[in-house]
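Given below, in the form of structure tokens, are the structures.
Across the two complexes that follow, chain A remains constant while its partner is chain B and subsequently chain C.
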Partner chain A sequence: MPSGLKYLLTRLAGSLVTMLIGTMVVFFVMKLAPGDPALVVLGDFATPESIAAFNAKHGLDAPLMVQYLNWLGGLARLDFGDSLSVSSGEDIAALLMFRLPNTLFIGIYAILIAVLLSLVLGTLAAVNRGNAIDTGATSLAVLGVSMPDFWFGYMLILGLSIGLGLFPSYGFAPPSESVLGALHSGFLPALAIAAPMAAVFTRTLRTALIENLDREHVTVAKALGHPPRFRFLHHVFRNSVIPFIVVIGLQVRYLLGGVVIIERIFGINGVGSLMVEAAFARDYFVVQACAVVFLAIVLAVNYIVDLICIMLDPRRAR
Partner chain B sequence: MTVPLLEIANLNVKFRLGAGDLPVSSDVSFTLDKGRVLGLIGESGSGKTITSKAILRLLPAGGEMSADHIRYNGRDIAALPPREFDRLRGADLAMIFQDPVGSFNPVKTVGWHFRKVGRLHPGGHGGIMADAAEALRQVDIADPKTTLGKYPHQLSGGMLQRCLIALVMFSKPSLIVADEPTTNLDNLVERQIIDLFDKLRREVDASFIFITHDMTIAEQVSDSIIVMYAGQIVEQGPTEALMRDPRHPYTQGLVKTARELEGDVEKLTEISGEVGTGAWPENRCRFAPRCPLYDAACDHAIALHHVKEHGEVRCIKANRSEDAI
Partner chain C sequence: MTNTKTTISRRAVLKSGAAAGTLAMLPLWAGSAQAACSTLRAGITGYNVINTLDPAQTTLIPEAYVVWGLFNCLLKFDENMNIVPDLAESYESVSPTLLRFKLRQGVKFHDGVEMTSADVKFTLDRLRDDATGSPHQSKFKPISEIRTPDDYTVEIETAEPFAPMLSYLTNTRTGSQIVPMHLLKDGTPDDFATNPVGTGPFKMKSYEPGARIDLLAHDEYFEDGLPKVEAVEIPLIAEETAGVTALLGGSIDITSTAPFADIPDLEQDDRAQVLKTPGTSTRFVSLNNKVAPFDDVHFRRACSFAFDRQAMVDVVLFGEGRVSNGIIPSSISWAATQERPPEIGLNPEKALEELEKSKYGKGAEATVLTWGSGWWKRFAEVFVLQVNDVLGVNFKVEVSDSGTVYQRMQTGDVQASIWGWLGLVDPDEYAYEVYHTNGSRNYENYSNPEVDKLLEEARRTMDQGPRGDLYRQAEALAIEDCPVLPCFESNVHNLLAPKVSGFVQRPYSGFGAQLAEVSDC
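Then we have the complex of A and B:
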């Protein structure tokens, strides 16, 4: 499919340009933030000489554009520099490599929970359009989007952890140590992030299924003798998967917002909590690195979603 | 005498609405013999599509059908349990729809549609895809292999309608309802598809119900014609007799316009007014508001009555002395 390949390459180039613009925004916004990295490290006893020495060492005395290009060159080599204060002197890349698996685990865990929930609820609602089951599933979805994730996180801790003692209320066993332990200790945070997403997915799937149920080709399939199961799977569900996956891709950016808060609440050593800690410690370089990582995740996920959509819908490959 | 392929007695369709029932087709009865083509003609809202969909139980939600009987090959299928009726679709009864583009799943290739129908109704001779290519050749598609690999959006409406006709006939049904299969196509393509039907009805061992609003098309493709108006049959008979000597004022209007279209006239005759919807008064001919012959004698429910060597007409003014039996 040469037209599809061409589209994917164009789209890849577009993603790289977006990434480049994103790094500019991250870099210059951080420059606008009040404070001075030198003062963070040297503290109140800094002298003009020591500040100058610090800036020279970190290249902070160069013109802004040169600083940006140096930083960008580092990014290309996955060299994010060293941490200033949050974990002084440590290589930021190493810090991220340690934290990133936890964040990815929680994020993917949350998406899986949301997808499973919405597949069940969305299908039930669409098939029972207009009756009590539909109303129930739809109301659950409204509840899901209406609840702030930090509030729902605390409610889960209160109910399932402190109340019933089913899950730990704080702390997270990294998947690198024990996958089962990570699934158990990560369940509540993943569920807290998943709830609002599941609500959006459910509504999207329900709408798509109902729309496709009324399509002419479904009636044609019936007239051709195809049984109900076949019609639902190959004509209704198959076609509804496309908008469903598009919405999953769009929700990833909100998911990352949720991760930052939920990692703090549940004490998970992820990129989200690292970013918050770094912001409090005025560790400019670490905050920048975390933002770039999040940006890369969002762009990568959207690219993969595009890829899947092209495979699922030939009309998109133009 | 052989058993007709399809015998329908008093088919009624109504739609359940919040406020009550809306009748859309009333007391439709007709017979279709094997290998014959029945033209079902009428304007939008006359109930022709709904009647045919009711026979195949493809009514949209809210639609309800009842009939004294619907005999298919002598067997009453009106009260058949859903699961048994499902087995008739495709293999025995099939339907070609108005919109060829919407009739295909847009994310699947044409070949996929044939493969699935082939698996559902096995019985070809050369493998499903070889048979599918042969089926496409029969509807005059020059390059069947390539066409089978295409997605619906890569083909024109005319090509897709040919594919759809081939797909519906792939399972060798004995009754095919074609619901205005050329409405969404431009004139030239319409001509080609009609000629294709004309060819197929001679080649294929099937009966057709051909729904159209175009009298000239009905005349070309069908052996007999039913004219519907406001949910009722107003006239039916052999195509030749009905076209030569239409009895119902509505049919007369349709035939006159069709003849004018064939000739070269400045202004076409128009049947003024439009068909109403919903509750028609029971104590008056339904065509009365538009009828040039209407008078007080028409103020009661008009029944279909037999006209010798012609068929049936629902008009009290259509009787002539020579018709007396």
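Then we have the complex of A and C:
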């Protein structure tokens, strides 16, 4: 499939350029913002001399462009550098390696919850178009989009954790230690992130299903005497899956936004919470590294979504 | 006739079901048993950045919280802020320039090596050495010589009488925690910052940057029966609110702080004990005495008379604090001003009188710098609103971040800013360093030779009673000049799970060392 391969390679090149521009924007915006990592580390005891010494030690006295290029050079050798002010002197790659599995686990967990919820709600709504079930499912979806995830997170803690004691109110057992523990302690944060996504997925699926239910080929299939279940799965659902998957790919961006906040509320040591800390502490290189990881995840997911769509509908590659 | 029929409410059923569910789920991943309190879960809340645990390099509050549990100093503070022996068994002031310490015998570092006078000398020399680059270096500059006549005697000689030295040798944010010479004499190994060795009640087990620190009891700790727990887990919880939910939900046993706004509710909540005590902190409006309009003492005084500090305590602290009498916190009672001077209080008539005498009048403009989004911003707004209203001036608030504000104060690029100091333990650190012409934190550019003279005299007076009087006299003079506008002091809080006992607060917000005495959790 040479044309498909060419398409994918073009996408890959585009992704790399996007990443380059992305890191540049992050770096210069961070530098433009007020604040100084030296002041974070030296605290109340900072003097002009100790600040200058700190900056010299970490190469922060070089021109901005030189600092950026140095960092980029390191990145090319897969060297993220050392943390300045969130965990001074610590290797950033090690910081990320320890946190990335937690973030990925919560992210995937959230997507799974959102997909399961939306498959049920979206299908129910489409099949029962116009009646009470449809109204109920659609209202739930509106509610899901309208609730801020941090608020919903605290409500879940209040109700299910502090109120009923079903889940821990704080902390996350890493999947590397116990998968069951991670599923249990990660459920509330994953649900908080999943809620708004599930709402969007549900509405997309409902619309696509309704659209396909009315298509001519479905009427033809009905005339040919195909049973309802067969008609739904083969003629309606399969055609509705592509927009559904595309929307999942698009939502990954929002998912990562949610992760940043939810990780802090639930005390999950992930890349999102690290990025927030690093931004507060003006740890430029850690923020950069987190941004690279997030960009890579978004681009990878979009790439995978494209692949799946091409598999489902080869016309898309051309 | 009373109705004795027992009813089981729906809520009770749900609760018991949930409790059973939780118990069934816990063993899956919770690991250690929690019955006899072998492991204390002590969350550091509101902060999670720890860059180093090397006492000589620490600057941040969470770093200090951990260091206090890993190390000891020669001296420490009790809960009433009296200086008491720690690694020193006793001490005496031989002459105004000579302090002599008798050390405890048989004190062991975490690696089993005995601590002696050589370690004490090494620790202080290391702090004084330029090569160490310690942020605490200036505190130990007055030392001229350290002698060790034998393994258990240390003599510290200062060039001039220097009374604050005793405070600088306590287990607070001083950097003078005793470190092991045998590990550091050939230079500090890279891992000392993350895996330090001290004499404290707890030793390092593991550290996950930004996430958690695990400590184990130091079996050979010199105080009998301490620590009472076998291990301490310290999750670093960035959001203070998340610390509250963690405690209420039973995920942790104790917090290092609590959000002011939640205190009234938490005090009514039987799922938490709230401990509070007036803290060693001072919050004020810092005025740049060198630039208009604050270069005029009458204008500064007019501002001081023009706002109600209690409104700040109510709005900014939600009542969790008190109006200051000066900038020396009232918890350092032997040096703090006892009766509130008239300048520290709302008096619109006096305010307008002073404004009349000033070279600036109604409509004078100034920018008040503050930072963050939470209470520092509210603090500035409460000040500016009132002063504008009473004096008819035109002040405005500029919000930045703390680092930038601090930098601008240091370079004098500021008219007024909201500022304060927290956790400092000696009155000299508040009064001398802020009011003295050469004070290291005199960002107000204030200078009054009479105040300077009293503060210098206080530094030379070793006896606490007369020394405290000198600070009161100096502060009385300084407050008339209004170089800063003292506002309020806040309480320090800890939240404890219902079962926890034995934790005794310190006004400087003690944490690590105090965990050794916790017995139930």
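The criterion applied here is as follows: the second predicted complex is superposed on the first by the 286 of 318 C-alpha atoms of A that agree within 3 Å, B and C clash if a C-alpha of one lies under 4 Å from a C-alpha of the other, contacts with A are read in each partner's own complex, and residues count from 1 in each chain.
Methods note: a residue touches a chain if its C-beta (ideal position, glycine included) is under 8 Å from a C-beta of that chain, and two chains touch if they have at least 3 such contacts.
Note that the structure is a prediction, hence the values are computed from the model and not measured.
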item	value
Per-residue touch tally on chain A - higher for chain B or for chain C	C
Contacts of A:87 with chain B and chain C, given as first, second, both or neither	second
Chain B versus chain C as contact partner of A:34, first or second or both or neither	second
Contacts of A:234 with chain B and chain C, given as first, second, both or neither	first
First, second, both or neither for A:63, with chain B first and chain C second	neither
Partner chain(s) touched by A:161 [first = chain B, second = chain C, both, neither]	second
Which of chain B and chain C A:312 touches, first, second, both or neither	first
Set of chain A residues, in rising order, touched by both chain B and chain C	none
Chain A residues within the chain B interface of the complex	215-217, 219-227, 230, 234-235, 238-239, 242, 312-315
Residues of chain A that touch chain C when the two form their complex	34-36, 39-46, 48, 50, 53, 83, 85-90, 95, 98, 154, 157-158, 161-162, 164-166, 168-171, 173, 177-178, 180-182, 184-185, 264-267, 269, 273-274, 276-277, 281-282
Of all residues in chain C, those that touch chain A in their complex	14-15, 18-19, 21-22, 25, 28-30, 43, 48-52, 59-60, 133, 135-136, 190, 193, 208-212, 235, 237-239, 241-243, 245-246, 248-252, 271, 400-404, 406-407, 410, 421
Chain B residues within the chain A interface of the complex	56, 58, 86-87, 89-91, 94-95, 97, 99, 102-108, 116-117, 120-121, 151, 153, 164, 167-168, 171
